[in-house]
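Chain nomenclature is as follows: A, B, C and D, assigned in order of appearance, with residue numbering initiated at 1 for each chain independently.
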Amino acid sequence: MQRVGGGRMLNQLEEGAATIELGVRFAETDAMGVVHHAAYVVWLEAGRVAWLDAAGTPYAGIAAAGHHFAVTGLQVSYRHSVRFGATVLIVTRLAQVRSRQVAFDYEVYEQDPHARGGRGALLATAASQHVCVDLEGRVATLPAEVLRLLADAQSNGADT
Amino acid sequence: MQRVGGGRMLNQLEEGAATIELGVRFAETDAMGVVHHAAYVVWLEAGRVAWLDAAGTPYAGIAAAGHHFAVTGLQVSYRHSVRFGATVLIVTRLAQVRSRQVAFDYEVYEQDPHARGGRGALLATAASQHVCVDLEGRVATLPAEVLRLLADAQSNGADT
Amino acid sequence: MQRVGGGRMLNQLEEGAATIELGVRFAETDAMGVVHHAAYVVWLEAGRVAWLDAAGTPYAGIAAAGHHFAVTGLQVSYRHSVRFGATVLIVTRLAQVRSRQVAFDYEVYEQDPHARGGRGALLATAASQHVCVDLEGRVATLPAEVLRLLADAQSNGADT
Amino acid sequence: MQRVGGGRMLNQLEEGAATIELGVRFAETDAMGVVHHAAYVVWLEAGRVAWLDAAGTPYAGIAAAGHHFAVTGLQVSYRHSVRFGATVLIVTRLAQVRSRQVAFDYEVYEQDPHARGGRGALLATAASQHVCVDLEGRVATLPAEVLRLLADAQSNGADT
């Protein structure tokens, strides 16, 4: 088992999706008694880092080679709040890949051992868009090998 | 001058907008050398807290009276990155107010003393939607007085 | 296996210590290219939450029963920096337990599969002190059952 | 007036101390209803960034010139909790400066307009130790000009 993105990866890509589980940190709660909405944004990042690992293109490697996926857009729909003590599942899929852009979709569930696939209440859905940049922050083309692996992982997901 | 939301409020509502300035914190940067995208989400919250203060309905008062504005939706469009050492301006407007819902729009600028109104590069635009909940997390109607002040502040902004 | 404190628990208490592993989150890095020092403070909290789980006194239960462990002191000694892509191990021990106070000690390692016990470089050592408070923030005596379980867990650790 | 470290600087160095005020952010609170202890660590950093600005050695400049102050030690003593809606004052002093090391002391107050100097309850005291490192993370000697300005600022503080 591999540790990725701050949690435990539950599978390699399954139907194109990577799932990680994260225990809610007390520091992630706020004075409403529930997890603060900004914490989900950090969880989503952990989700796509896990997806990239599972696709064979670890983000640490992409970064070490001088590229970053700068976030250009983020949309989150919050459906249910979640409290300290819970574990959440972040399900991430590659939504789009172009030579200079990638996009991901996400579902965030509260883990429930009694629910199918351990997926209890759907807490949030989200999407993010990214542009590949180099170390100077200029838009760059994704390395060919990374592009190929991403496209493969996406089409494998689409197949199933 | 009043301190709000982690920064300095530059004005009371001007054409319906509240503006705060926040110095970028080193902790808000990431290994790309720029501010992490999740930090903007915290800045937007500071922006709407400042707007509520300026509208005469401080969020600390709303919360003390047993209501919270739970975030139901968030959309951010990131245009330019920003580095440690910069100061940012968060411009917040009330986009909609209903008996149980509010929505805000935001612009995030890098401060530039030589630009008009101090507004340099537009770093991001954003929107958030909220539902009023009580202490048990149930959807609740906004207190009538709060509702009236919000509607007043919005229509004053629309007038100009 | 149980998910605790944002990571994976590697064991129940072993010689009085609970160990969790956490993948470094990109959001935890800063513009120096390494994990920001404040992120360790959140990791330590995850470590003691894991310790309490392993000792049979989950913090979510203590909190639900109306008690919190307010932090009164924190000391961290940082020895090596760590980068995105790494996994860290947080080793937590109960250092002291009194009727109204607890204290923990911590070691933070970079995970290294080739090192003994997976423990690579020692990144930091730390200690924290806590006072038990009730929901109004007043100092309170720990519930007798919690106190007994904590003392048991500590003496078991001391035995070995 | 200058914006520094995420808040408003109240003075240039006064008796060697820089003071900033920061409005508590809702995101900084936790499910205990008060500011999370890790948020203070970020505030302290904002405090020393303000001190460096006031001393004529802005941290952004030090960083741009290829040096960082890596944190080697941190000690915080928490005395009182503070809630959303409050403003805090961070008072920072240079405690020590050597060719490769600096150390700072801090006091965190809740702002109270009716108290002397606006300083209400003392929330926390803290200290941090730092080593100067270059971009590769190796221990480095502080630039002579920076060292001189730091020493000057410290001795001016000691004089008064």
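What we mean here is this: a contact is a pair of C-beta atoms (placed from the backbone, for glycine too) under 8 Å apart; a residue touches a chain by one contact, two chains touch by 3 or more.
Note that the structure is predicted; figures quoted are calculated from it, not measured.
**Student:** So which chains are sitting against subunit C and subunit D at once?
**Tutor:** A, B
**Student:** Starting at subunit B, find the fewest moves between touching chains needed to arrive at subunit D.
**Tutor:** Shortest path length, in steps: 1.
**Student:** Give the chain pair, either A-C or A-B, that is connected by more C-beta contacts.
**Tutor:** When A-C is set beside A-B, the one with more contacts is A-C.
**Student:** Between subunit A and subunit D, two touching copies, which fits better, same or different residues at the interface, with half of the numbers shared as the threshold?
**Tutor:** Over half shared, hence same.
**Student:** Going by average Cα coordinates, which chain is farthest removed from subunit A?
**Tutor:** For subunit A, the chain whose C-alpha mean is farthest off is D.
**Student:** Mind checking the centre-to-centre distance between subunit A and subunit D? Centres are C-alpha means, answer in whole Å.
**Tutor:** Computed from C-alpha means, the inter-chain centre distance equals 35 Å.
**Student:** Distance-wise, how many Å sit between the C-alpha centres of subunit A and subunit C, to the nearest whole number?
**Tutor:** 26
**Student:** Among the residues of subunit D, which ones contact at least 2 other chains?
**Tutor:** Residues 26-27, 31, 34, 38, 42, 45, 63, 83-84.
**Student:** Please name which positions on subunit D make contact with subunit B in the complex.
**Tutor:** Residue positions touching the partner: 3-8, 21-27, 42, 45-46, 49, 58-60, 63-64, 83-85, 87, 111.
**Student:** Any idea which subunit C residues touch subunit B in the complex?
**Tutor:** 26-27, 29-31, 33-34, 36, 38, 83-84
**Student:** Spell out the part of subunit C that touches subunit D in their complex, as residue ranges.
**Tutor:** It comes out as residues 31-32, 34, 37-38, 41-42, 45, 63, 68, 70-79, 81, 137.
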